[in-house]
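In the two complexes below, chain A is the common chain; its partner is chain B in one and chain C in the other.
After this line comes the complex of A and B, so read on.
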């Protein structure tokens, strides 16, 4: 699991990569909550997420709930097909704001 | 450790007499008896006070807090333990920082003092400190050599006692987990497969499970059933599992509408769930006399309906999992089983992997299930689980299956 954080036009972008599972969830949670604390709009880039389990999804949900508490927004971008399948199966595509790419997320 | 001892040895005289060796032999013998940490500290300190004619002996142990030490003090045979003490004695600080034995007078007074590091703990933050009455003779070279040897023996004994404490803690945790697992097993119905139209199976990947299933007969002879999967694994998932399972059992006996049960469960879980935790769940009611089935699916892996001609239909979730949104908008589905079979399973089943290969997936599951198509449902599922228990297959999550056999009623009337 790797993650990096950047800043694009007032949006904090968190790049997640690799396997987001129980082992890596604490690190992902820390990064996402840190980004939520510092930004008004957080974009989570999931293009390189090879696998995400329910522990990883719980991190995303907690970050989303925290963002809403702070009147901030959190959206997922470039979610790869494997992760998208997991999100869609659980109907989490109705919970998260999901964008195909960074450009459309920035325009939104 | 060896390098430090060697550098210290140059500054230390050797022990003077055979009686000193006997003192050390006795001290070491006492410390080899297995004891808990406080008892070990008592024996270590008593021996230091007695053999070095000290008034007070103290052993300082770093407990990891920034403010410092927990330490035990011996005045003769009276032992006191203090915690979070400040380490502001310059001699002790020097002893700890330089990992060396330090001898002199405490706090610029006429109180003779000596400090020895306790090194084998794998960290520099343990030391013994001894003082005599004000005006008494100072600690000499023989005392330094004796204390250094005693500190090393004490260090080994302290390390052993700390390891014993850690092992005892692990045993306590393992016992607690086993007890929790047993209580969890009792939350699940215990029905022999094939003796009822519905049965379930649960195998936790750890000791306790984040999955659950349940079923019970309603007053009108219909059967209420549910299967849930809490996000994550281990104890936190198990605690939320116990809550969701208990709430379901309570609500399911008074509310005969699966979608309404899930809506109410969602509100309860959403109010108290933390860390983004959620529950994917299917709840339903099966009528054995008509073969009709009503169920609602909150974010759970699509269940499968297997018709009598072995065709499969899957039913995607109607709403997100429980515990995320304040309100769930969902309606239940109604299907006629027509003598077919209905399978609900946690993603532990579809996420089985063979070696480093792809996950089993729903298609792989169907294919494997059909390789045992000549068997009755209960035996077929047992064969499937037994196949997945073979070497090469790896389970990544808790595994739970709930199966309803509509043909069972016709053969058991």
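After this line comes the complex of A and C, so read on.
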């Protein structure tokens, strides 16, 4: 699992890559909560997420709830079909704000 | 470990053990078995997307054993057995931890959005049938079935 964080216009963009599982969830949680603490609009790029399980989903939910608590926005972008399948299984595909790509997320 | 019910199923149709592996209950070991589970599910006739779902179900079951049965005791062992069951797969996961009441690992209400407690939901949503059993000689035995046509 790797992660990088950048800034585009006024959005903080967190790129997640690899396998987000029980082993890597603590690292992902730290990165996402850190981004929420520092930004008002957070985009989580999931294009390179190869695998995600319930522990990874828990990180996303916690970050979303923390963002809402801080009156910040958190959205997911370029969610690949595998990750979307897991979000849909948990019926979270309608809970998260999900954009096809960075351009549409920035325009939103 | 194959009990009478599975033996009966084996007599009704072919039940071949395709993969058996024992691994320590450590969080960094689950990724080692994922490719084997996916390849075996494909070998059993499941579509690629269904095979990936089965991988998730097995992953979540392993997490439950690590977190709830062994409670983080990394010296605990997990036995994974994958069997062909007609056009489908039977997954057995056996541990040697104190017996866990399946009611203790119930998933949360999906409408109550909060982190955690989704793993057992994924397992039941993906697999056709789950059986929580006491393992002969101690420990817990989870058996999960997934058929190509969804029947059990």
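Rule of thumb we're sticking to: the second predicted complex is superposed on the first by the 108 of 108 C-alpha atoms of A that agree within 3 Å, B and C clash if a C-alpha of one lies under 4 Å from a C-alpha of the other, contacts with A are read in each partner's own complex, and residues count from 1 in each chain.
Basically, a residue touches a chain if its C-beta (ideal position, glycine included) is under 8 Å from a C-beta of that chain, and two chains touch if they have at least 3 such contacts.
What you see is a predicted model, and the numbers here were worked out from it, not measured in a lab.
When the shared chain is aligned, no partner comes close enough to touch A:105: not chain B, not chain C. In the superposition on chain A, A:94 makes contact with chain B only, not with chain C. In the superposition on chain A, contact of A:53 is made with both chain B and chain C.
By the touch criterion defined above, A:61 lies against chain B and chain C together after alignment on the C-alpha atoms of chain A. Of the two partner chains, chain C is the only one that A:23 touches; chain B does not reach it. Residue overlap on chain A between its contacts with chain B in one complex and with chain C in the other: 22, 53-55, 57-59, 61-62, 65, 89-92, 95.
Contacts from chain B toward chain A in the complex involve residues 229-234, 275-278, 280, 299-302, 316-321, 324-325, 347, 351, 396-397. Residues 27-28, 30-31, 34, 49, 52-53, 56, 59-60, 63, 66, 110, 113-116, 118-119, 121-122, 125-126 of chain C are the ones touching chain A in the complex. Interface residues of chain A, counted against chain C in their complex, comprise 19, 21-23, 51, 53-55, 57-59, 61-62, 65, 82, 85-86, 89-92, 95. Those residues of chain A lying in contact with chain B across their complex are 22, 25, 29, 53-55, 57-65, 89-92, 94-95.
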